[in-house]
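One chain, chain A, appears in both complexes that follow, with chain B as partner in the first and chain C in the second.
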Partner chain A sequence: MSIYIDTLINGILIGLIYSLAAMGLALIWGVLKVINLSHGAFITLGMFFAYLVFKYFHIPPYISVFLALIVGFILGFISYFIALHRIVSKAKSFKEYELSSLLSTFSLSLIITGILLFIFATTPMAINLPLSLFQTKLLASIFSIIFTVALGLFLYKTYLGKAIRAVSQNIDAAKLMGINTTLVLAISFALGIALAMGAGNLIAMVFPFSSLSGASYELKSFIICVIGGLGNPIGTIIGGILLGLLENFFGLFFNQGFVPFIEFTILILLLLFKPKGLFGGSK
Partner chain B sequence: MAILEVKNLKAYYDEVQILWGVNFKVEKGSLTTILGPNGAGKTTTLKAIMGLLDKVEGEIIFEGENIKNLPPYKRVERGLVLVPEGRMIFPELTVLENLEIGAYTSKARKFAKKNLEHVFELFPRLKERIHQKAGTLSGGEQQMLAIGRGIMACPKLLILDEPSLGLAPKLVLSIFEIIKKLKEEGITLLLVEQNVHLALNIADYGYILENGKIVDEGDAKKLENDPKVLEAYLGI
Partner chain C sequence: MKKGLFSLLISTFIILYFLFLPIVKSSPILREASFTTLMYIGLAISLNILMGFTGYVSFGHVVFFGIGGYTTFTLLYYYNFPLILALLIAGILSALIAGLLGFVVLNLRGAYFAIATIGINEAVKALVNNLDFLGGAEGLFFNMKIYKAYGGPQNALWLSFYLIGLVTLIALIVSYFIKHSKFGLGLFSIREDEDAASTLGVNTKLFKTLTFMLSAFFPAIIGGIFFFKNGSIDPQSAFSLTKSVEMIFMVMLGGLGTILGPVLGAVTYDKIKEALLVSETFKNLHLTISGIILLLIVLFVPEGIVGFLRKKIKPLKNILD
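So, the complex of A and B:
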């Protein structure tokens, strides 16, 4: 019996961590209508950030995560203007940049991954904290909840947050409200990247990683977005927990190596039969 | 004094020219109307004024300054506010959130509380639905919300693009009552309408736009009796 309870708890904790990673993807997808293919690369960057800051400054990940958010925000803000601004602002509708935004965010991902591979190759890394695996999971998931709540409050309670939601629904109408939509798009992208790096930072506390680890978390983020929809942080949390539970319970009975196969299968089935998310997210 | 003066305005969608040198003025404190058949370029004119189009030539003088090269949000900050055709409310935001977003500029935020009361006075229906998602409102209520959102922005010039479009006759009349009330409160208005008779009835001055050009203008009373206008729009 206790193994099931263990699996349940583990699944929920891991799911919460996944959902933080997915939040960044959902925010960018929902507001900019861009599927950010550099999401996984920024998650990896967050992992290495945690690693290096711990190695050289002895700052543990549960503190450096705040720095990772700030660095992620700045990098995201700059990346928006380098990689996306020109194609997004010229377009009359997001349909026009569906393809080009995939290409430009994929290029971003190649650049980041290329640099990481150049410096660190694919050597596996881990951060050794004087904490048990369960403790690190618990800590990371508590942070995930805090950041999710903070994001929710920001989006629903502040003028800027409401402006972000307005832009996601109708960008021309948002302009007519006096919203600087270019700034809002840049901030949304920056927030999405900050969340990706923050999530990577926390994941590095729990699991070992390498220069290529981000890809699997990117896939998980996609699945969570498809399960939870892009409408609000709650859907993302539920999606994350469902995926975490599924993976962990699946791992009880089968080889872990099958997990990506199962994940892809879920993704395809969802896209075929429930393209708006299990909970019918708004977009 | 004219609060808005549009000179020789030309506008294009990609390579297709839609406006061919439009000239008109809106006097401070007046209600000016632009009338014209479907596809004449009325909405295009308003979009050009707000800065929503890529290719625009000519001058758009607002309070004595050419604002043609300002981004839309800066025009709104100056008090140029459009209630767009088709309402364009934010369907997933609540009624209250839509109104709050209407008061996004720093100046409008200062007056948000007072303006909100005013909007609820004009549209008690909105107050009843304050926490409802705007997408669940009826067409008439959405139009009220769109106008309310415009009022929240503290407009120096409030532009309305076909506010009565698609509404039942009774609602059309009540929307015109509201516009009249706004005029009496001293708000400068520019009204684009298909309802020629109703528009000329409350307007001070009118322009007729056809095929991207102003073809006629005059006092509303004069236009109402203009045989050309009568023939073209009232089917008399």
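So, the complex of A and C:
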């Protein structure tokens, strides 16, 4: 019996870590209607940030995560104006930039991954903390919940958060109400990137990583966003936990190797039949 | 001269140039370089049939390259099929799979379609990774004996080279005829406004599915030839998303939806990559530089090389396509 309880706990913890990784993607997807293909690259960047900060300043990831958030916000803000502003501001509706934004965020990802590969090659890295694997997982999961609550409060209780939600619901109306939409879009993108880097920073203390690790978290984040729907942090948490439980329980009974196959089949089926998420999303 | 014909002629000339250069010089080194170029051209043309003509961007198009590779490889490996037959079966099988998948997935539009195609590629990769019959994650290796039927490994390499040239040429001609047919007109109407096209009586579902099948047929054969030449196959190299992205890159670079575009894009991309890989300074940064170039194209010349030339040089406007 205890194996089931272990699997359950592990599944929930892993799931919370996955939802941590997915939060930034969901935010950007929900607000800008941009599927940020540089998400994985920024997660990897966060991992290496944690590694370097720990190596040179001996600051553990659960503290350096706040630094990572700040750095991520700044990088995201700059990235928005480099890669997206020109496309987004010219388009009349988000349908027009749907594809070009995929390509421009993908080129961001190429640039970042290229630099990481140049410096670190594909050497596997790990951060050795005096904590057990379970403790690091627990720590990361707690952060996941804190981030969710903070993001939820920010989006629903603050002026800026409300502006972000207004822009995500109807950008033209938001503009008419005097909201500086360009700034709001840039801040949303920056927040999404900050969350991605923060997530990478925390994941680095749990699992080993390399320059290419972000890709698998990015793919999992797609699945989570599609399960949980967009624009609602709670949906992301639930999507993540479902994915974590699925992975762990499936591995208990069947060949673990088939897990990605099942996951992506679910992704495609959900896209086809429930494109607004398992729970219908927030709209 | 008809608008498209000029582009078809230049494209044919470029392909023949890369095909005949190594033959005339009978140089195996040139042959290897040209093989890659021709393969890129073929892949770019196939993706362009879908992406350029209908506006559906497939981010996981490499899945058909991999399916074709695995089909050809297993047919030769286990059953000793003749290569040409195996390649044809691979192409048809891949087109059928695309038909089935497309029938469902083409209901999605824009970015959702793109994500679904990534999902398909990853799902197939994970499946192949776990099938012992296909060699699992390790993949399969040819016994050198297989090449005996083709006059030894040396001749088999030349054979693969001729075949890739031939397939690329056929893909070019097919894409030309699609573009300048009523069918092609239907596809472009889907690209401009799918709902309007459907209202005006275009059977959008059938058109899209057929196009998806066609654009899956050629990559499968190219994959088959590539892995036949390679002598080994594994899931990582057969279903690498990087190759998918390279295909998109080449189509965008050359000019979306044009005949000459994918050819120019593929050649340019190949040359850029070659130059970067050879240079000491940029060797390890080629990913970053590709990223910068792609970003510049998307931001400043979304119409690609062909579109740019048409815009800047007036006389070319009416003949280049």
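Note that the second predicted complex is superposed on the first by the 277 of 283 C-alpha atoms of A that agree within 3 Å, B and C clash if a C-alpha of one lies under 4 Å from a C-alpha of the other, contacts with A are read in each partner's own complex, and residues count from 1 in each chain.
Just so it is clear, a residue touches a chain if its C-beta (ideal position, glycine included) is under 8 Å from a C-beta of that chain, and two chains touch if they have at least 3 such contacts.
Keep in mind it's a predicted model, so treat the numbers as computed, not measured.
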When both partners are placed on the shared chain, which of chain B and chain C touches more of chain A
C
If we overlay the two complexes on their shared chain A, which of chain B and chain C does A:Ala166 touch? Say first, second, both or neither.
first
Using the superposition on chain A described above, determine whether A:Met177 touches chain B (first), chain C (second), both, or neither.
first
So, A:Leu102: does it touch chain B (first), chain C (second), both, or neither?
second
Please work out whether A:Ile5 is in contact with chain B alone, chain C alone, both, or neither, and reply first, second, both or neither.
neither
Note which residues of chain A are touching chain C in the complex, please.
35, 82-83, 86-87, 95, 98-100, 102-104, 106-115, 117-118, 215, 219, 222, 226, 255, 257-261, 263-265, 267-268, 271-272, 275
Can you name the residues of chain A that touch chain B in the complex?
159, 162-163, 165-166, 169-170, 172-182, 231, 282
Would you tell me which residues of chain C are touching chain A in their complex?
55, 57, 59, 104-105, 107-108, 110-112, 114-116, 118-120, 122-123, 125-127, 129-130, 241, 245, 248, 252, 284-292, 294-295, 298-299, 302
Spell out the residues on chain B that touch chain A in their complex, using ranges where they run on.
50-52, 71-73, 76-77, 81-82, 84, 88-93, 97, 100-102, 104-105, 108-109, 149, 153
